[in-house]
């Protein structure tokens, strides 16, 4: 009789759901069905010149086939004062997962500000670039899902441009395109900025053909290139469009421009 | 019934199969929200020259079941901010309490300027982003409607991933597909906001609520609507959709009783 | 004092042979040096008022508020050691927040007074701490309306079970005063600090128990009483600080707020006039 009221059922009978009181067993690790990333589309690019750097990005923000908004900037002034970033000399562009991009921007901005307050001088672009790499690398096991491009002027006053992968690998370059339409824009920049596949006519035949030597482009030309790059990308990529935000960093400071792109 | 009191009222293994003990998870990994349970559908909002109009219906669904029909998904924060919640209702209640405690703390001092809509949106976006980064998301898509400095209309959104964006018109959930195109036709950009009157904005939002009720199966014809201006918040929580016309239903073919 | 040299006043939590706790009594002395604080429970709200003594001309007028908000509907004014008052307020806010976490509703004034009474009393029990050097007056309006709990989404069934008791009344204005011993009572009118004696006698004249005094009258009386209580320390400058809390239908909509500047200034003008009137009478008598 006692067995009736003991917690465990008698052996040999039909199995019941409570037959084993060992509720502690777990059938292995369950996977989370929550995915913490999304792609907000859009594209960015940067080109450095002899005494300037230009960064640009479209202002469309997407979720799947939806347009969240037609104006969501991807370019941010870093280390400036107040809501307008007055006095900033460095620009960060981020494209990919916008929430991570915003978080990254705020961290870098804080760090560059703290550097200025603690050392009494603005952070150099090279130092900022390496710091950004460390921030990204520190979160390599749960990365900021963004492609970052950092622009400014180096110690000699030349245009400086750094591009990153999501886990902090970085490189100083003449030009870089990132984001949804990177594959459309980058070959264009290779050709137009670094003169890839451009040869000096009549310099030889086959392997003797001489590469056209790249040289820093004038600012006017670069601005035209950027606009052409984006108008072309808008034609072929659905996640790119609405508006074009540009920031031009010179020794005078940062000049910001906005122009319309197709909204279709 | 048999001689085993432990078995009374419980599913039999030989009928239903053994209970999967992993559901109990006493020593398994810590579980966080994997999906919303009781949910609210779209929230729609539009800016006009003096403020913002925001609306959401009063339904909380449990899957396809219309579980609660008088749920207020627009929450006043203070005299210049309304927060509209789509998504999980229990997470909405948590956030509502969080905002309430924030408001109490903000009012310990009467001298400081009150939090405006922009401030609150920043706060909420940090909360949402922190929770997604902890793999413990608050399953909501939130619209913050109100005023920022100098009584400028403010409207922005934050979702369970911490993604934020702002636009003259916004709609969450189904509304992003159905309402947003209607809203954008009237208010395509920030410049147009200046020429939209309060009456126009209210009518526009009401039209969207109607379209959503026609086509969103998880929606209700009872809704809440709030207008935020510098004179305060006009919140109505018991509105009914007006002048519905189901004439279009006649033309729908291909399923139900009309097969072709 | 007879206690001096006996040693019974050296440690907290030690009784003297005649059953007194001297440390607590010394704490009361600290309170008696503070600026006068009063609270009046009117029929439609509570007024808290404070004679804020100006300790330096370098302090900005109107800044450094001393009456604090605990929850939306409750305020605290204290007299005595200022930092102790700050700590009291901080704890009261934690208690109010804790109550909300548990019950999803604002803490009733009585419950807050009870919790704070217990807290203050605990500081009389241990030799490692000293009692609070403040007497605090807690005033609040417990909401009379049927309110949803925090985060509530529905209103429940409009018919059927879950009914309410008809004609049951709850909520209203409440006023408590907590002393360094932890002792607290509910009051119609409470006064503490330097001018408490004259303030109390003025409060008694108001016949608050009858429940006829309106909130607006209460504000004016409170201002007058602070001015009367200040008569004994006339050499010092002071600022009048006043807050109030009314019903949902009243001027503060159930919230604890500062009395608006215009009303406070009007009350101060009347208070000064009333005092001058008294002086005139005295002068006449002298004649």
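Think of it as A, B and C in the order they're written, each chain with its own count starting at 1.
Following the convention adopted for this analysis, contacts are C-beta pairs under 8 Å (C-beta built on N, C-alpha and C of every residue); 3 or more make two chains touch, one makes a residue touch a chain.
Going by UniProt, the chains are A = N-terminal nucleophile aminohydrolase; B = Proteasome subunit beta; C = Proteasome subunit alpha type.
Fair warning: this is a prediction, and the values are worked out from it, not measured in the lab.
> Closest chain to the protein's overall Cα mean, using per-chain Cα means, please.
B
> Taking each chain's centre as the mean of its CA atoms, which one is most distant from subunit C (Proteasome subunit alpha type)?
The chain farthest from subunit C (Proteasome subunit alpha type), judged by C-alpha centres, is A.
> Which two chains have the most contacts between them?
A-B
> Roughly how far is subunit B (Proteasome subunit beta) from subunit C (Proteasome subunit alpha type), centre to centre by C-alpha average, rounded to an integer in Å?
42
> Based only on mean CA positions, could you tell me how far subunit A sits from subunit B (Proteasome subunit beta) in angstrom?
Each chain reduced to its C-alpha mean, subunit A and subunit B (Proteasome subunit beta) end up 30 Å apart.
> Could you state the distance in Å from the CA-based centre of subunit A to that of subunit C (Proteasome subunit alpha type)?
Centre separation, subunit A to subunit C (Proteasome subunit alpha type): 57 Å.
> State the interface residues of subunit C (Proteasome subunit alpha type) toward subunit B (Proteasome subunit beta) in the complex, per the touch definition above.
Residues in contact with subunit B (Proteasome subunit beta): 63, 65, 68-69, 71-72, 93, 96-97, 100, 104, 150-155, 255, 257-258.
> Please give the residue numbers of subunit A that touch subunit B (Proteasome subunit beta) in the complex, ascending.
Listed in rising order, the residues are 4-5, 7, 9-10, 13-20, 22-30, 32-34, 36-38, 40, 61, 63, 66, 68-72, 97-99, 102-103, 142.
> Which residues of subunit B (Proteasome subunit beta) touch subunit C (Proteasome subunit alpha type) once you look at their complex with the stated criterion?
Contact set of subunit B (Proteasome subunit beta) toward subunit C (Proteasome subunit alpha type): 60, 68, 70-73, 89, 92-94, 96-97, 100-101, 103-104, 107-111.
> Within the complex, which stretch of subunit B (Proteasome subunit beta) touches subunit A?
3-7, 10-14, 16, 18-22, 24-29, 31-35, 125, 129, 132-133, 135, 137, 157, 161-167, 170, 176-177, 180, 189-190
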